[in-house]
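Down below are the structures I want you to see.
Shared between the two complexes below is chain A, which pairs with chain B and chain C, respectively.
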Partner chain A sequence: MFILAMIAVLVALSLAVFRALAGPNVFDRLLAANFIGTLAIMLLAVLGFLNGRPEFLDVGLVYAFLNITGTYAVLKFFRYGALGGEAPPNEEDENRKGFSGVHKT
Partner chain B sequence: MIIADVISWVMIIVGSFFLVVGAIGLIRMPDIFTRMHALSVSETMGVGFLLGGMMVQAGFTLVAFKLICLFVLLFFTSPIASHAISRAAMADGVEPVLDGPEIDARSDKHDMPLEDRRKTTTAIDADEAELSASVLVEDEEIEKGEK
Partner chain C sequence: MSEALINTVLLSLLACITIGIVRTRNLFGVVVLSGIYSLLIASVMMVLDAVDVAMTEASVGAGMSTVLLLGTLYLTKGHEMKAFKPPLLPLFVAIGVGAMLVYGTIDLPPFGAADQPVNQHVGPDYLARSKPETGIPNVVTSVLASYRGFDTLGETTVVFTAGIGILMLLRRRRKKDDTLREGEK
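Right after this comes the complex of A and B.
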């Protein structure tokens, strides 16, 4: 039965990888990357149960923390243009819009 | 034991279904906000049911506690990440794909009521005009055929 869960996770993973490669702008790619991180955690958990060694769950816990931290790091980089040391930009500033560059504003 | 097995199998099957459905939505949906809407299904229901099925398999052990930790972590962090991504996309000027009358959805107009945010462009009116024109053409063709 864990085989079925493994197949489902792998199918979802391939679809998410397609979206991450084809996504029209950086936020689509980031959304897909976040989902890929979640699926990696599920893959680790299912693999642990499939092999009868659930110790992989510790790795999954670390991955969960890394996932949210990485998403926030990339988001902060694309909003502020830097990862630290700057004041938050003005929300009303028109020049700041379209910083991610790919889509039209 | 058989009952626990059946419960965990059903939960794993349901979780797998929701995972794949959310991933298909990620491919099929037109813009980032609807993709996020589709992904939230698999990030809560899919992951929750899969981890729940594994929890039933594990019983009252340390493994089940780790699974509960993982579930709580994912259950709280994935909506936060989705909210941050959508807010960043909105602030960056990504326009939602809207059907019907266009709504000016930029971040500096959140305070305005929805009616004022509707642009006066007439997407629906244009569609209706096109439709009535095609109906007229069809009527003419029918009349020609009768003559």
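Right after this comes the complex of A and C.
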């Protein structure tokens, strides 16, 4: 049963990697990265039960925490262009122009 | 058997991601793909039973370095320039080095072979002593955090200092922004 679950996780992982590679939008890639983080937790859990040693389930909690923090950091960076301090004004300065081409891949 | 299957799938996906990183021109996409690469290699470490390495890889590779790369990306342009000529020489050097490394692995003992020096030298000693001496169920953790505690403390200090330095380098220059805003008014 756990082998079936593992195969399902691996198939889902392949689909997520395909989406990350195919794009077309950068947010598709970001969502795929988030999904792969979730699947890494699933893989960890299923692997623990597959080997009969589910002691490492706690590591999954850390992964989940990292996943949500990482996605939040990337999104915040994408929106505001900085991680600390207040949001910069909405001006379109020289550096942000590099980000406006992001939607086109 | 099932471990071999999982490793095969994960490593094939890693190869696909690597080709994708090479071919993608949008640097934001490259940063996201390298985060995915770190998550996948952390899963491979997990399958190999190296939980601590997997934790480090996931937090440093997928978390910290993604944020640092994004901070760098903010200071540069978002697209990679086209190369002036196809980089054939680096390709051949990389293929040659890779072939030599693969050739080097042919002579390695099988994974986890008990009669090899790497598993004979200090390993049995640690395995026998770590549980009664430290009380930590994971032997690798006991070696890292107890027997080599000062070493790990030094490593952590180095990584922490490097992180502070990079964050100070990448910080937005707020002073310049303030003068800009006042100039507009």
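Following the convention adopted for this analysis, the second predicted complex is superposed on the first by the 90 of 105 C-alpha atoms of A that agree within 3 Å, B and C clash if a C-alpha of one lies under 4 Å from a C-alpha of the other, contacts with A are read in each partner's own complex, and residues count from 1 in each chain.
The rule is short, and it goes like this: contacts are C-beta pairs under 8 Å (C-beta built on N, C-alpha and C of every residue); 3 or more make two chains touch, one makes a residue touch a chain.
This structure is a prediction, so every number in the text was calculated from the model and none was measured.
After superposition on chain A, the partners chain B and chain C are seen to fit next to each other with no clash. In the overlay built on the shared chain, the residue A:Phe77 is in contact with chain C alone; chain B does not reach it. In the superposition on chain A, A:Leu30 makes contact with both chain B and chain C.
In the superposition on chain A, A:Leu4 contacts chain B only, with no contact to chain C.
In the superposition on chain A, contact is made by A:Ile68 with chain B only, not with chain C.
Using the contact criterion defined above for the overlaid structures, shared-chain residue A:Val59 touches chain C, although it does not reach chain B.
Superposing the two structures on chain A brings chain B to within 14 Å of chain C, judged by their nearest Cα atoms. When both complexes are aligned on chain A by C-alpha atoms, chain A residues 13, 30, 32, 78, 97-99, 105 touch chain B in the first and chain C in the second.
Interface of chain B with chain A (complex): residues 8-9, 12-13, 15-17, 19-20, 22-24, 26-27, 32, 35-36, 39, 42-43, 46-47, 50-51, 53-54, 57-58, 63, 66-67, 69-70, 73-74, 77-78, 80-82, 84-85, 88-89, 91-94, 107-108.
By the touch criterion stated above, chain C contacts chain A in their complex at residues 2, 5-6, 9-10, 13, 16-17, 20, 24, 26-29, 32-33, 35-36, 39-40, 42-43, 46-47, 51, 54-55, 58-59, 62-63, 66-67, 70-71, 73-79, 137, 171-172, 174, 177, 181.
Across the interface of their complex, chain C is touched by residues 3, 6, 10, 13-14, 17, 20-21, 23, 26, 29-30, 32-33, 36-37, 40, 43-44, 47, 50, 55-56, 59, 62-63, 66, 69-70, 73-74, 77-78, 81-85, 88-89, 95, 97-99, 101-102, 104-105 of chain A.
Interface residues of chain A facing chain B in the complex, by the touch rule stated above, are 1-2, 4-5, 7-9, 11-13, 15-16, 18-19, 25, 27-28, 30-32, 34-35, 38-39, 41-42, 45-46, 49, 54, 57-58, 60-61, 64-65, 67-68, 71-72, 75, 78-79, 91-92, 96-100, 103, 105.
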